[in-house]
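The following blocks contain the structures, represented as structure tokens.
After this come two complexes, each holding chain A, first together with chain B and then together with chain C.
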Partner chain A sequence: MIDLERELARALRPQEAPAGFAERVLRADRSRRARRRTWLAAASFALVLLPAGWAYQRHQQQQRAEAQLRLALEVASERLNLALQRLNPPTE
Partner chain B sequence: MSSPLSHAFVPAALVCLLAALPASAQQARLKLDHLNALAAKASEVVEVTLDGQALAMGAKFLEKEPEARALVQGLTGIYVKVFEFEQPGAYTSADVEAIRSQLQAPGWSRIVQVKSRKDGDVGVYVLSDGKGGNAGMVIFVAEAKELVVVNIVGPIDLEKLSSLEGRMGIPKVGLGKGGAK
Partner chain C sequence: MRRTDPLDLELSMPLEAAPAEAGFVPGSFREIVAAHQSRVFSIAFHALRNRAQAEDVAQEVFLRLSSRLDTIQSEAHLVAWLRRVTARLCIDELRRPARNAPSLEGVAEPGEAAEPGDPFLSAHLRRLLADLPGPARLALILRYQEDLEPQEIAAVLNEPVPTIKSRLARGLQRLRDGLKHLGVEA
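Moving on to the complex of A and B:
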């Protein structure tokens, strides 16, 4: 019993931290915080950038579709009129 | 009361009905893939493929042209191919026949045809919807140095389409001599 108490007392006796321990802990904490900040910045950036990118892409698609439709209607009407004109050439 | 035959008949009838519904749309769209090879020989190419979502998206932005917007409202597709060549003979009669044969299918009728040695062959074809209206149209121009196919899928008002010329905010597309006025 006494041996056990002695062993416990020996195991639990206060020990001096190794030299530079506090510095290493602080450095590790700083590095962890810096990593977290980087991730947060990246996530915020992505949250802003992704919808903006999506909106830009959508806008490009809309513009392309509109331009194509305008072109298609112009060609169609022009060619239709050309056919009608050839069918009934204007008399001078 | 329900026999095994009726169990088989109902789904089959439904399948037939569903297949028949878009038949006119399928028929109104020409197969033009064989013309893609001409792009390499052409000096100028205009190709437009607008269907489904792209067509609806484009129509949404025709705010300043309500007539054009209304015109494309019921359409399901617009396909344009314009090839202009430096020299005659760039396309073959097989290229042309592949289009003409599709326009000989039931329902199609030619409403305009102009054939001349000078100006080539110009045709306007309309697909009947069987109810007095149309389900699509094709404008086909085969000139010595130019081949044009405009395929509109869906009901189209030809008079309104004709009135749109020069109003779509696009400089004159008139490629080739035929388009020049």
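Moving on to the complex of A and C:
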């Protein structure tokens, strides 16, 4: 009759990790960190670029609106001048 | 949308059996891998009975640890964390149907130092263990490889203590029954 628990502990004695295992883990870790850094850089770049692009677009819209307003004011001013000239024609 | 990995959530929970040490500073990642590679690989190898799968699991365990080193509070916490993550990754691996077939690899280790005791009996026990359901197999591995008490196994596997005790008892009984077929009384 055997002592099952003792035999089981023997059968399950710790195994050595395969040769070079630690080096492979460290290499995989470095590779994973490098990939993560690339993604982080891309994400950071996008985070900076997106608000900058949005601000630039807003600025362009404002510039267009200002130009349209200036044009509208110029047209209105021209028409007012014409109307004034008709009401008060220049006397010779 | 990124889904939160339930394993990550579970592993961030405190381990009751692993008290924090004030001012604990974990060693370098290289030192930790060197010190614990055998433990992690052995749990995975005994659970999966396949060296390549066991190495994949062990590597994944250490890669996960690498990004969480700053959360480790003590040496006991580190060991408990490694056991828990290894066990959970092994369970996940065993659930994959295509890779679940027990391999004969490792039942008799080529080029391995002579085993103490009866090598034939040890090989047969490992073969019987490989036939047990994954959770029972892991409970027995943690009990007899890692020398954990049922309460500690329950904490590692996040299961109630009675469940673990019952798995251990049923697992041992199945091993006894298997040995009986060989004419070995246990």
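Couple of notes before you dig in:
As a convention for this text, the second predicted complex is superposed on the first by the 74 of 92 C-alpha atoms of A that agree within 3 Å, B and C clash if a C-alpha of one lies under 4 Å from a C-alpha of the other, contacts with A are read in each partner's own complex, and residues count from 1 in each chain.
Criterion: a contact is a pair of C-beta atoms (placed from the backbone, for glycine too) under 8 Å apart; a residue touches a chain by one contact, two chains touch by 3 or more.
All values reported here derive from a predicted model rather than from experimental measurement.
In the superposed model, A:L8 lies in contact with chain C only, and not with chain B.
By the touch criterion stated above, A:A19 is placed in contact with neither chain B nor chain C. When both complexes are overlaid on chain A, the residue A:A28 reaches chain C alone and has no touch with chain B. Across the two superposed structures, the residue set of chain A contacted by chain B and also by chain C is empty. Note for the complex: chain A touches chain C at residues 1-5, 7-18, 21-22, 24-26, 28-29, 32-33.
Those residues of chain B lying in contact with chain A across their complex are 46, 48-50, 54-55, 57-62, 68, 71-72, 78, 80, 82, 112, 114, 116, 119, 122-124, 139, 141, 148, 150, 152, 158, 161-166, 168-170, 172-174, 178-179, 181. Residues 61-63, 65-87 of chain A are the ones touching chain B in the complex. Those residues of chain C that touch chain A in the shared complex are 29-30, 33-34, 37-42, 45-46, 51, 55, 58-59, 62-63, 66, 106, 109, 115-118, 121-123, 125-126, 129, 140-141, 144-145, 147, 172, 175-176, 179, 184-186.
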